[in-house]
Structures are given as C-alpha cells and as structure tokens.
Amino acid sequence: MIKAGVIGATGYAGQQLVYLLKYHKEVEIIFLSSNSYSGKKYSDVYTNYYGIIDNVLVSTEEALEKYDEIDVLFLALPHGKSIELVKKAVDKGVKVIDLGADYRLDSKEEFEKWYQIEHPYESLLKESEYALVELKDKESIKNSKVIANPGCYPTATLLGIAPLLKKKFIDTKNIIVDAKSGISGAGRGIDIYKLYCEATENVKAYKVASHRHTAEIEQEMSKLANKDIKITFTPTLIPMSRGILSTIYANLKINKTKQELLEIYKEFYKENKFVRIREIDVQTKDVKRTNYCDITINIDNRTNRVIITSVIDNIVKGAAGQAIQNMNVLFDLEENMGIENISIYI
Amino acid sequence: MIKAGVIGATGYAGQQLVYLLKYHKEVEIIFLSSNSYSGKKYSDVYTNYYGIIDNVLVSTEEALEKYDEIDVLFLALPHGKSIELVKKAVDKGVKVIDLGADYRLDSKEEFEKWYQIEHPYESLLKESEYALVELKDKESIKNSKVIANPGCYPTATLLGIAPLLKKKFIDTKNIIVDAKSGISGAGRGIDIYKLYCEATENVKAYKVASHRHTAEIEQEMSKLANKDIKITFTPTLIPMSRGILSTIYANLKINKTKQELLEIYKEFYKENKFVRIREIDVQTKDVKRTNYCDITINIDNRTNRVIITSVIDNIVKGAAGQAIQNMNVLFDLEENMGIENISIYI
Amino acid sequence: MIKAGVIGATGYAGQQLVYLLKYHKEVEIIFLSSNSYSGKKYSDVYTNYYGIIDNVLVSTEEALEKYDEIDVLFLALPHGKSIELVKKAVDKGVKVIDLGADYRLDSKEEFEKWYQIEHPYESLLKESEYALVELKDKESIKNSKVIANPGCYPTATLLGIAPLLKKKFIDTKNIIVDAKSGISGAGRGIDIYKLYCEATENVKAYKVASHRHTAEIEQEMSKLANKDIKITFTPTLIPMSRGILSTIYANLKINKTKQELLEIYKEFYKENKFVRIREIDVQTKDVKRTNYCDITINIDNRTNRVIITSVIDNIVKGAAGQAIQNMNVLFDLEENMGIENISIYI
Amino acid sequence: MIKAGVIGATGYAGQQLVYLLKYHKEVEIIFLSSNSYSGKKYSDVYTNYYGIIDNVLVSTEEALEKYDEIDVLFLALPHGKSIELVKKAVDKGVKVIDLGADYRLDSKEEFEKWYQIEHPYESLLKESEYALVELKDKESIKNSKVIANPGCYPTATLLGIAPLLKKKFIDTKNIIVDAKSGISGAGRGIDIYKLYCEATENVKAYKVASHRHTAEIEQEMSKLANKDIKITFTPTLIPMSRGILSTIYANLKINKTKQELLEIYKEFYKENKFVRIREIDVQTKDVKRTNYCDITINIDNRTNRVIITSVIDNIVKGAAGQAIQNMNVLFDLEENMGIENISIYI
C-alpha cells in the first residue's frame, strides 16, 4: 500500500483527490491537512462524506511531523503556498505531487515575473517534472522527486494542440486559445462574484491576455514545437460547476482534411486511454467527473485555419484525476487505476 | 399610434417583442400570429401574461388578411419562412421589420449558398436594409421598405469590431470570432439537447466554421473595411438562458494603448446611448434584459493582438429590442422609447 | 415629486428598490446609503447600472444628516439594524417604509423572543403598520408613521390563506406551511453555502419549525381569524435566484368544490390587481420580477384537505415592489404606479 | 457472473442502471434494449460512454428472443409498458426487477383506478414484491419472481416515516407529504416545460393531491402501521437535475425530544448502511449520485408536530441504485456491491 498525505484537502481539487484516494485500492491515507478546518472531521466540512471519510483534519504543522510516515505527499494549495512545503518533503525523501503552480515553470525568472513571488529553490524548480503523462516520458516521471501536476487550462489546451505542433502543421505565430471554465476552477474561497445569484446566468472573459496559465502553456508548447512560442490566451467564466472547453485556433501550413487530421490524432494518442478523438462536437458533459480528454478538429477551408476543441473536467483530468494518474505512473501501477471511469451522464 | 402586427409571436424573440410592444406608448397591437398556437390566448401560451396580454392568436392566413390595418409588420420566424410574407406586405405598402435572416444578405447567391433555399425576390433582397442602427445611416433606415434586423451574434460582433475596421487599425486577414450564447438563442423548438438535464452543466462549440451568421458578419465587416473580409467564427452554447459574449481577436497594425483605444471607441459611439464602452471586464449580466451593448478592449502586448469583448442580450439587443429601436427610427420617435432600460441585476 | 432616501441600498432588496425608484415618475432619489460601499458609485457596486445610476453612496451618518431633505425613508437592512434609524426618522417627521423585520411584530415580548434583541421603542412598535395592502385598510396605511413592509414568506402565505381564515372555512389547529425560496432570499452576504458550486443542484429545508417569519405569519393569521393561531412553518432553499412558492395545508370544515373556492377567492381579491387567482398550477416563473401574487387552490377529497399554492417574487412583491406599493398608497398615487409589470417570461 | 438484460436502457433511470451494471463485478450485460434507438450504439445515444459502452441497442422484439440467455431482466419503462414483458419473463423463469410502476400495487382495483389501465395478471401483481430492502424481509425478496422496485417519492418518504409508523408514535390521520424533485424525475421525453429556458429559475407544485405515487405510499404506510392510512401528497418540481427532498408532517402522540427520536431512528436502521440518520439539516447534495438516504427529524414543540426530512438521489436510491441493491439481495451478494459510493460533492 502506498502511504499518502494530502495538504490542502478541503479545496475543490483537494476534496476530489481525497475521494479518489479513498477508493484507490493501493492507497492508504495517512493524513488529511487543512489550515482552515484543522481539528474538524472531514465529514463536517464535506457533509456528504458522513460515515465514509471521517478523518480529523490536521494543521500544516502536524502534517509536517508526519512526513516520515508517508511515501507520497499531495499538495493542493493556492500558488506560493507550496514552495517551502515541497522542499521540506524532498529533503525527507518523500515523493511529491503538487497540484499547484509552484513547480510548474522551469525558469525562476518566468515564475517570478508571472507570480510576483520570489522562488528560492531554483534547482528544484528545474528538476521538477511538468507531468502531463500523455506528452511526457514516463520514465522521467517515475524518476522525478517533484511532480508538477499541470494546470487545468494547460491540460486541455496542450493535449488539444500537441500533435499539430509536433508535426509542424501550423504557423506558430498566430495561435489563439479561447478557453471556457466552470466556476469551481476559481476555488472554494468566498468572493461575491461566485455567489449563486451573481454567477448564474452570466458569462465573462477575465484576465484577458494576462492569465498566469499562459506561462506554462507557452513553455510546454515551445518544447513540443522546439521553438519559442507566444500565444494569446483568454479564459472565460461560465455558469456551471465543472468543466473546461478549450477552443484553439491556428493557421494551417499544410493541406489535410478533417478526416486525415483525426486519423493523425488517433495515431498520436493510440497508447493513451484517457484521450478520446471524437468525430462529433465535443462537450464537457461527456467528460464530466472523469479523467478523459475529448478532442475534435474542424477546418475552416475558407481561411485555411484549424479549430481544435478539447474538453476535460477541470477538477479531475485538470487536477485530482491527473494527480492520481501521475501517482500511478510514479509507483508503476496501472495508469488508470482508481480513475477508470468515475461518473455518469447527468 | 403605430398599428403593429406580429407574425411568429410565440417564439422567444417573438414573446420579447410582444412584451415590448405592449408597453410601448406609441404602439397599438393589431394582431399577434402563431401557427402553432392559433386560436389560443396569448396568456395560455405564456402563462405569465394572464390578465395582461390575453389577445387570441391568429393564423398566418388570418394575419395576411389584416395587412391593410397595420402600419408595420414584425416577423420573428425561422429562416425561409418570411420570404413570401415579407413580399406580400411590401406589395401592400406595409413597412416590414424582419427579425429573421431572409432579407439580411445582399446577394442572392450568398443567401442560397448559406441557407440552401432559393430566394425569388432578388431586387427586394438588394433593397432591404441591414439595420444595425449604430453603424448605419438613419435616413436610409427611415426610407427602407424592409428592415432586416441583424442576427444576435452579428450584432455583438459588428458593434465590437466596427471602430477598428473603420480606422484600419487591424490586419483583416486574421480575424477570429469566438462567441458564446445562452440557450434561448436556439429558440423554443423542442430538441433533446435543450432539455434542462442535458443543457445544464454543459458547454460545447457547435457548427464550427459553418454557422450561417458568418455570412452576414463578413458582409458587414467588408462594408466597414471597404474590402473583402473572411473570418473564422465559432459559436459556443453555454448553460444559461440569455446573453451573448463575443470575443474578437485581431492583429494590430498600429501602436496604441488600451486607454487610447477606449477613447477612440467612446468617440466613435458618442451619439449612441445603447453602446457602453467599459473599462472593466464586460459581462452578460450587465446587459441582461436590456438593449445595451457593453464593449471593452484588451491588448496583448506580447503578441500585439487586440481582444475585444462585447456583450448583449441576444433576445433584446440581438432581436426584439433592436427591432423596436429600428421601429423608433423608422417612425421618427425617440430612439430609446420603450427600450430605455427594462430590467435589473439578478 | 416625492423625495426619497434609501438606507441599505446595496443588498438584493435594496438594489431592486433603487431600480424601481429610479424609474418611478413621481420620485426623486435624494440619497442612497450603504455602509459597506459608502464613497463608491452605485454603478461600481452594481455594474449593470453604469451610466444609469451613478449616485455616490453615502454612509449611514451622512444619510442621517439628510433626513430633513426627504419625505420618505426606505430601509432595507438586516434585523436589528433599523430600530434606531427608524426612531430618528419618525422624530424628524419623516415617513418610514422599513423592508426589514424590526417593526413588524406588535408585541415587544414576541419580538425579543424571536429576534433575541431588545426593542426599546414599544409604543412605536405598536403604532407601526404591518402593511400588506391587500389585507389592510388603506386609510390606516396612509396615516401611519412607520410602515412595516411584510416579509417575503409571510406575504405569499398570508395572501394565500386569508380568504379561508376570514370565512372560517378551515380548522385553525392544523395549518402547515411548506415554503420554497430562491437563494436571493438569504441576501448578498457571502457565506459558503451560497457559492454557486455549493448552491446549485441542491435543495434543503432549514430552520425547520424555528424560522423567524413564523412570528409574523401567526400574528397576522390570528388577526384574520380573530383567534390565536399556531402553525408549523418549514422554509426550503432551492437552487434559483428569485421566487417563493408557499404551499399551505389545512383541513376543510366546509364542503366546497375547487371551482367554488376559486370564485370565492376571485371575489375576495376583486379590487386587488396584484393578486391573480389561477385555474392552472401556479409557478414562480409567472410572477418573476413582477409585483403579482398568483394563487391556486386544490382540494384533496380523499382527506378533505385544502392545498393552497401561492407564488411571488421574493424581492419584488416580497420586498421592494411591495414597498413601492405601500409608498403609492401612502402618498395617494395609483397603487400600481412604477410596478405595473416589470418583466418577461425568460 | 449474473447475466442481465435491460429493457428501457436509454431513459435517465435506464442509463444510470446500465452504468452501474457495467461496473458491477458480478454482472455481465447480455443485451440493452430501447425501442427509440434500436440499432444504434449506446454511445451514440449517451455520447459520454464512447469507448466504454458501445453495445448496439436491440428492439423489444430482439430482447424477447434473448430471455433464454439471461438470469435477470431489468425494465425501466413508463407505466403500462412492462405488464406483458414481465409476464413473459416470468413464464420463462427469468427473474425480473421492474423499475416501473406496473407491479408495485397489490390490488388490481387500485392499479386500475390510479393508472387507468387494465391489469390482466392479478395473481402476479399480488405475488410481486414491493422491494424496499430496508423495510422488507430479505428472504421474501430472494424468493420473489418479480421485484417491483419502489418509486422515487415513495422511497424517500417511506424510509423517512417508517419508524414512527411502526412504533405508533403519530396520529395517522394527519400525515402530509410535501416532496421536491429535480427534473430528471420527469424522464427524458421531450416536453416544452422541461426545456432549459423554461425549467430553470422556476418552481411549481404539480398533480397536487392526485399524483400516482400516492397509491404506493399509502399501501406501504398502511402495512407499516397495520391500519388504513390516507395521506395528502404534493410533489414539487425544482430547477435541478437530480435529487428528492421529502418533507413529512405528522402530529405526535408521544412526548420525545429530537435527540430521543434520532436515537430511535439510528437503532431502527442500524443494519442498513444506506440509511444515514443526521443531526444536521439534510440536503440532496449529500446523497447525489449515491445510494444513500439521509434523514433528520425536527419537532415543532409549539404544535407538537414532527417534521421529517428525507433526501435521496431519485435516479440512484430512487431507481437504478435500488434496483442493483435488490439484485444483490436476490443473488445473495454483498448488499452494497457496485453501489457503495459512486460520487462526489460537486
């Protein structure tokens, strides 16, 4: 049994992670930590888990003292909050899977520019693995000390565009990403705009051309294309709980039909059960509460532009599910163990 | 008093129109027509209007017989259904405001290509006025026999991009429009994907690179820029009743700050009360159930791209409200009479 | 012109009130007050009002200094917060319409028992008018110094049951009220249970047998029946923004058909435009954003029980609309001025 | 492995059942049948199951031919549609679990009165088992040929009130049930009132005092109390996909505190993992997509009335989950196999 600890267990990503760990047959939960709720039962915070997950939440300090008892530490914290906690775990030889942003960028400068926080552990930042399993070498994930779990927008977007970049089918100067996310992406913190009466029946683009996920999308796109890429990225908040739809626009440099591109995508992802290439319009409902990423492609022949639409559940494939997937790779388990299919249509 | 008839009174645009006409102080409703519900009281179809709008709905045939009694005919029908009804009204000297698509395109060939229906009245098609008040000559609207009320996506998009096209600030080869619409845009017809349990908690792009509104957007953009423009247009269905957010991407040819562009927009629309240039992120909630179009601008300095976001209520400014606005212009009333501000925050 | 001030202008009831006052042709707004947002423009708090209501919000202290300039003061505050502010206005000879609970109960003891706050103005409490226009003497409203605007649940419930109580058709020992409310009823304060992701797709009964509105429902029912009545009242929170459905159960003492009872109700409310007796199932959609109360009646012949269903918009008829209605009565205007019909189906 | 067939596999209850059977480790699906979609792949109807459940749907006729190959037949059809199909299965010695209403009532007369359909198989109707596991003898379920799976409203209601009836704590003359259901309870058939724009932001009581579930609630309550019981039952439609909250009112004949009653309930259900007695307000969110029934109790001391609130997921515990539970009992498996806990908070 893998012994796991979770810090940040009461956010939306955290609770999804706890749920998945609870039902993972190779995992034993050693501690669940939450500063806001330490001392409370988990089922007092998430009342649905009454009689199911009644663990008492511990503080970060108490969690730190239990680092010796665990094989893997999951962190699901706002940016900046994991920097030290990860370092301490690595120093103790504990494997880390960080759902937050603190170890995703390779460059200290980029991190500090986008996040406006100093990062004292430059070498650890470099060493950490941006672990989007479908696009990375699994051996490298297995050997890493710190797994930086990709962000939700980047996951949908990178899986959507990777084959085109790898095969150099598109002009890399005009890539536009227009992504739509449900409200859980903004977390469980209480802000007025997230109130039901404010958020329902409303849609808005926010942080236009300035969202922090731009940095990791560009970093990974650049690696895929083997050249420096800058994109325009617009996130949009839509009135639903879960799900991301990323619509990606690029100018085609080649001449292929939709059908040909779909075949190329199927071939590209043939080893990856969680990526499904669809002929129909993809929709978030089809992947809700699962670890799937559904992708389809359309070509605008009139402008020779390709439009890729890619959908994930932001909390599963975009956070906790992907973290489990990474844990499975790390510990050499079946990649889909515990995340095979976890929910239904409505 | 202006005597008005409405054909297609029981769709979502139709019912909004009927509501606005009912409370317009210069209008008398002569007939409300609906083939699906003819013979029924209006308040049996929309039960909220009980004791308020109890008119009995007439069939199209009965409506035709009443053409002599009206000054203006509104049509709110699916495409293809208005072609003949408009012609008959024009022949009787009745002014027409068509909320549908049948007289929006200037070219018979373009109409037939996009709609796959023959259009027998080529000269009337040419004569009809694509009446987006803020971008057109009001005299020309006043003198037209057939007012083609712009589509919902085109209204938000054209108002958003017009100043940039007029001033030739952008490269016209790389315009991308990613628009999001509430479900009422798909009408009141019953389809399984519109059921509450199917539509809630879901988002999808549809008719990617093939939506019919592309034709009118391109037609009007081309006029604004005085050159032939092709765009890529992606509509996206989001889980709410009303509202459109159009996000428009273009490459800047000039060097201006956000603030400078906002000033240029304010100047451009200074005579138009219904267009509000905002410094904050625009959101559909701010225009819901009103005739406003809120617009803001962002610049991605890293890519020298401009991102315009423009929001309207698809049923008001994108349909019935705009139709009233056109009627007001046509009959030389205050432009905002009856549509000044018709609703509230939540 | 009636000169009006509003304290508590930025809650949900407050903003609805401000909207209605803004468009009321006999009212001039002198000040809008909000402690949370004083110094800010109204349109910075409710961004939809940009260019429409740009008044700068004043603090309570500043509001107090302007009491001399107004004819009527509206308060829309949480319970306990209006007690002193009302007294001061009365002392200055300003008419008061209080949307809160502080002057609704006749008895100091009852108030203190239910609200756990001391009420120092017993005589003013007694004098104040519980002003549910349809059930009260208008002369008495006109002459009152303090109009206590009824609560949302009580409004729907009392209008629903009044004829049965007046006519002594029911056993007063077994009245059960099961009411359902949208989330705006809980106000704009930020609590975790009101977050979109928490509140959507959820329903719960709360404050079962202990909700404070029980006190005013019983007080007014007792007056109607001319005997002491105790009820069981259960409020239920449902995932929508606006609307209340009150389902009222009572044992019939007489033998009447549904049709006979509907006729009796129609007769009872024949002078009241805002109460509509319906033959169909009533639904909140039919009254949303209006000042109507729709009521229907069913009889369970198998148990000889009557089931009344009554719907209102909790923020309009249940708060701000009713406050305007009371103002209209107070100043001898048309009762429905400015609240005639303020919105549409979807 | 248990060989199972499903008729009515494409309704909302059907798809939930198919999902649960797919992941049940002791079940092999032999056929999925749907008249509306026969010939199509299951994943073409529910596109989320692409690559997961790609079985081709068969017609009812084809299903009938496969009766020999199965151990158990599930039916999830509208009322009246299962009568013959069940009989044919019984004649072939196939065990039947019917999620519909056709075999729930014991009395042919009652069935024909409430459903207005003739029932030709009176003895089979009598023999069939109304299988609410928590309230029935498991041996009796094991030995029955036809398991009538209880309706959604009755499940929540009967579990909520059973202990009080068994212990004779309440007056059986004044039981009122006010139940609230999400829209999936009305099925996947397309009706205008179920459209997103119609159903969202709306609540209404329907079939007041005439809903067919009244018959089975009364039948089973009468058995529990060992006397004839008539209730008043009001279903209410609320704007969400899933979930039922049943609020039950009764006059107490005894003197107990809330705490004492909670203890009695805990004792009553101590062998039943799926019933959770809660001290907090129950909410549908806590049981969504699970087989749990959460119950709490409040006492209105002022009127000596008890108010029980009971929540289930209408499609799981109220339909497909309970059907699996019954299958597990029937085939002597762990009662919670495959339905232990199937989903998460948001």
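Chains here go by letter, A, B, C and D, matching the order in which they are written, and residues are numbered from 1 within each.
Quick note on the criterion: contacts are C-beta pairs under 8 Å (C-beta built on N, C-alpha and C of every residue); 3 or more make two chains touch, one makes a residue touch a chain.
What you are looking at is a predicted structure, and each value in this text was computed from that prediction instead of being measured.
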Query = Where in B-D, A-D or B-C does the A-C interface recur, with over half of the contact pairs identical by residue number?
reply = B-D
Remark   = Between B-D and C-D, more C-beta pairs in contact link C-D
Message = Report the inter-centroid distance (CA atoms only) between chain B and chain C in whole Å.
response = 37
Query = How many Å are there between the centre of chain C and the centre of chain D, using C-alpha atoms for each centre?
reply = 39
Remark   = For the pair chain B and chain D, the C-alpha centroid-to-centroid distance in angstrom is 46
Message = Counting only residues that touch at least two other chains, what does the list for chain A look like?
response = 12, 184, 197-198, 200-201, 239, 241-242, 283, 285, 288, 346
Message = For the complex, give me every residue of chain A touching chain C.
response = 12, 183-184, 188, 190-192, 194-201, 239, 241
Query = For chain A, which residues count as touching chain D in their complex?
reply = 12, 15-16, 19, 23, 46-52, 184, 201, 241-242, 276, 278, 280, 283, 285-290, 294, 315, 341-346
Request  = Going by the contact rule at the top, pick out the chain C residues touching chain D in the complex.
outcome  = 174, 176, 178, 180, 182, 197-198, 200-206, 208-209, 230-232, 234, 236, 238-243, 245, 247, 249, 251, 281-285, 288, 298-303, 305, 307, 309, 311, 346
